[in-house]
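Accompanying notes for the structure given below.
Letters are used for the chains, namely A, B and C, taken in the order the chains are written, and counting of residues starts over at 1 for each.
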Amino acid sequence: MTQHLPILQIKNLSKSYGAVKAVNDVSIHINRGEIAGLIGPNGSGKSTFFDCSTGLAKPDAGTVILDGQDITGWSLNRIAREGRMLRSFQKTVTFKALDVEENLVIAGQMFTFPSIAATFGLGKLSRQRITGLRERARELIRMAGLWDVKHMPAGNLSGGQQKLIQFASMLMPEPKLILLDEPMAGINPKIIERVVDTIRYANKSLGVSFLVIEHNIDVVTSICERVMVLDQGSKLAEGLPHDIIQDQRVREAYLGG
Amino acid sequence: MSLTETGQQTRRLDLRIPLAIVLITVALAAPFIGSRYVTHSLIIALIFMLPAHGLNLLVGYTGLLSLAQAAFFGIGAYAAGLMAVHFGTPFYLNLIAAGLICGALAIPLGIPALRLRATSFVMCTLGFVIIGQAISKNWISLTRGDMGLSGIPKPYFELGPLSFTVSGTTNFYYLALAIVVIFTLLAWAIVRSPAGRNMVAIRENETLAESLGVPTWHYKLIVFMMSAVFAGVGGCVYAYYLTVVSPLTFQMYYSTTMLIIVLGGGAGMISGTVVGSLLFVGLTEALRVAPELRMIAYGFCLLVLVFWFKNGFAPLINRFWNAVGGAK
Amino acid sequence: MFSTLLEQVINGIVTGSVYAIVAVGMTMIFGVLRAINFAHGEYYMLGTFGAWFAIDFLGLSYELSIVVAILATMVVAYVVGQLVMRRMVGAPAESGVLATLGIALILQNSIIFTFGGGYKFFAGGYIEPVEILGFSLAQQRILILVVCLLVFVGLELMVTYSRLGKAMRAVSQNVECCGVVGIDVSSVVLKTFVLGAALAALSGVLTAPVNVTVYGGMGEIITFKTLPIIIMGGLGNVRGTFFAAMILGIAESLVATYVGLQYRDTVGFATLILMLMWRPYGLFSTQARF
């Protein structure tokens, strides 16, 4: 029905902190099945824009439309649960005291159980749902290469492994769209390969659309099909990766010219 | 069973089921094994286990430190006492009413309180206890103020053709035991459910849980309500045991006791609360420790718990149980 | 009619002074430690008991007992500070709550266990009344007022000009940077803590002649009244605390006279609850910091 519409449309988003206008009337869209990128130098308003779109902050103005539905003003958990739009955090976060499998089961619970009341059930239906979640979790664990450590507490694993857990968690609820906040920050090249593979796998095989917000241009050009550039709170440019790299305005923005 | 490196199997005895049977037998035969004072101490331990379970759900599983348990304990006690004295309703009705009234009151109190951050929330919940005491002292027409409600009858049951009264310490012990077993199983069911897993997620990292679709605010309110119900039920049993309810039922000391039970026994473990109550309440009651010494001991316990034994007795209990089960 | 009202207001200001001296200590401790000291009222109690003990058992004069009481309390506070409070730097909020609750239990019940829980009579103090503006006021109450003003002026000077004061301000604002510039955070916390406890003890000793009865559990009520004051005054905000204490003192006095004595002690916490439920950020600060 809405197959031709973009999966995410953000129109005229604005947010000020006191006198500073962090985001100034920005509109972007993400097409279905796309891996899009959003880049910009420090202070360009990327983080604010990101938080406003995902329910962590309230925008002063603008609308956010997810798969044809107006989700402006929705809370973080509602956007995740009903909208099936998930976001990652710059700092790699997991449930450190819980083991890998538990981390993933929790990630999938609110999408399998139709209501809060249902989560209190201990009957056959509830157990079936959990079994289904565990199977799915194990598949993702195997794919991420974490099979050997699946019963270890997440806090005991390396930063890169925790990043993979974070990724796998976001794939548990069969999301439509995942927004990644600087996913490559602070991880070593070996894990970057794995992360890129996971993103591609999720995109091609599971049909998940992605918006990757990154500071590092090289990373973005290697996986994104389309790139948007923010500078000082406004949209500066938009287009194919290699066009963007060569765009004079973008170069100036990054070099502070 | 464990495998040694050479592949030989060495079987170590799994004594868990026999141990469980022994414990159950002791629990059932307690009034006949110990003196009347021991039975009394066990009853007190059982009564306090109820609000402690509620507090465990709040602190141990959801990560919300609250001092409000004493407030709902008092409200439950007064609710049950008033119904028994004025309406003459049977015990189980008063029990259910006490629980439901507390659960209902938890909503208008919890909604604004849960907006607060950690320290303010603690103070707000402490405020509930203080205000509760003030109301019970001053609403004399309802509560008879400092004189308190006396003359609560013995627990009276009327189930169809069957009606009986529970009288005597021994019989009261079995009544308390039955109620506590039911509610302990209820608490256990809650934490084993997917909701219980969500609660742990909220404790571990609330924002992460939210980003994965968990409606954290709703869960916190629900847990607040549930713990109020547990406390109210405990208050009802307390009222019947003492046969008197007074403003002294609203004491911060009770909140502190419940905290010690949960944190000392091992927050985040149902068995931790059971052990905690038997140890910190039952034992001190049985030894007839002077109240001041008991509170000094509680004070030191809190300090020790904060700095060295953050998980209370939980790791010890776990290790003991695994060892009994044959693990190395 | 008016003179009665004025009298009640003056009484309220005196009560407010008592609370202010105690509360400013608690709020300074929060400033450097980010933790609410649930045991703060116990130091007030220790001050009172120290003086009572000095007068009744050691036969000292009231003036000397003040010194003894405050010194004794400072010793206790030093021990507590070294063993417990210093370790709470950077600890999560719950740890502070539990640790100070534990200390309160220990202090309160040690005194009750040693001296018994009943009321004791406090024999010292300047309870002779003086005629002022048409009604009589005990000299002790005037003393309390004067001391309160001296304390606050002294604190203003200390915080602005002295080395400790500046260190306190630094720790209150940014703990991480302090280590870098060479401020021993742990030591500042300890000193602030002992100072706060000493102020509480001072308040206790000065108020004892007016209260007349002394008992082991008296600290708890003081804690329950100081908590609303420091929150309503804005945590860490010395001036705000002064005004909040005065407001509470006057409010309590008026409620006691015109509404009913039995409601007096609930005014503080009732106001706090209402404020937390409807305006969680304090009357004088604009952002929740706790």
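In the analysis below, contacts are C-beta pairs under 8 Å (C-beta built on N, C-alpha and C of every residue); 3 or more make two chains touch, one makes a residue touch a chain.
Quick caveat, the model's predicted, so the values are computed rather than measured.
Colleague: Measuring between Cα centroids, which chain is at the maximum distance from subunit A?
Modeller: The most distant chain relative to subunit A turns out to be C.
Colleague: As a test of whether you follow the contact definition, which chain pair has the most C-beta contact pairs?
Modeller: Looking at every pair of chains, the most contacts join B-C.
Colleague: Whose Cα centre is nearest the centre of all Cα atoms in view?
Modeller: Of the chains present, the most centrally placed is B.
Colleague: Averaged over CA atoms, how far is the centre of subunit A from the centre of subunit B? Could you give it in whole Å?
Modeller: 42
Colleague: Please tell me the distance, in whole Å, between the geometric centres of subunit B and subunit C computed from their C-alpha atoms.
Modeller: One centre to the other, that is 34 Å.
Colleague: Using CA atom averages as chain centres, what separation in Å is found between subunit A and subunit C?
Modeller: 50
Colleague: Any idea which subunit A residues touch subunit B in the complex?
Modeller: Those residues of subunit A that touch subunit B are 75-78, 80-81, 86-87, 89, 93-98, 102, 105-107, 109-111, 113, 116, 119-122, 126, 129-130, 169, 173.
Colleague: Which subunit C residues qualify as touching subunit B in the complex?
Modeller: 35-36, 84, 87, 92-99, 101-106, 108-110, 112-113, 117, 220, 224, 227, 231, 262-263, 265-266, 269-270, 272-273, 276-278, 280, 288, 290
Colleague: Would you tell me which residues of subunit B are touching subunit A in their complex?
Modeller: Counting only subunit B, the residues touching subunit A are 189-190, 192-195, 197-198, 200-201, 204-205, 207-216, 218-219, 222.
Colleague: Which residues of subunit B touch subunit C in the complex?
Modeller: 65, 112-113, 115-120, 122-124, 126-128, 130-131, 134, 137-138, 252, 256, 259, 263, 290-293, 295-296, 298-303, 305-307
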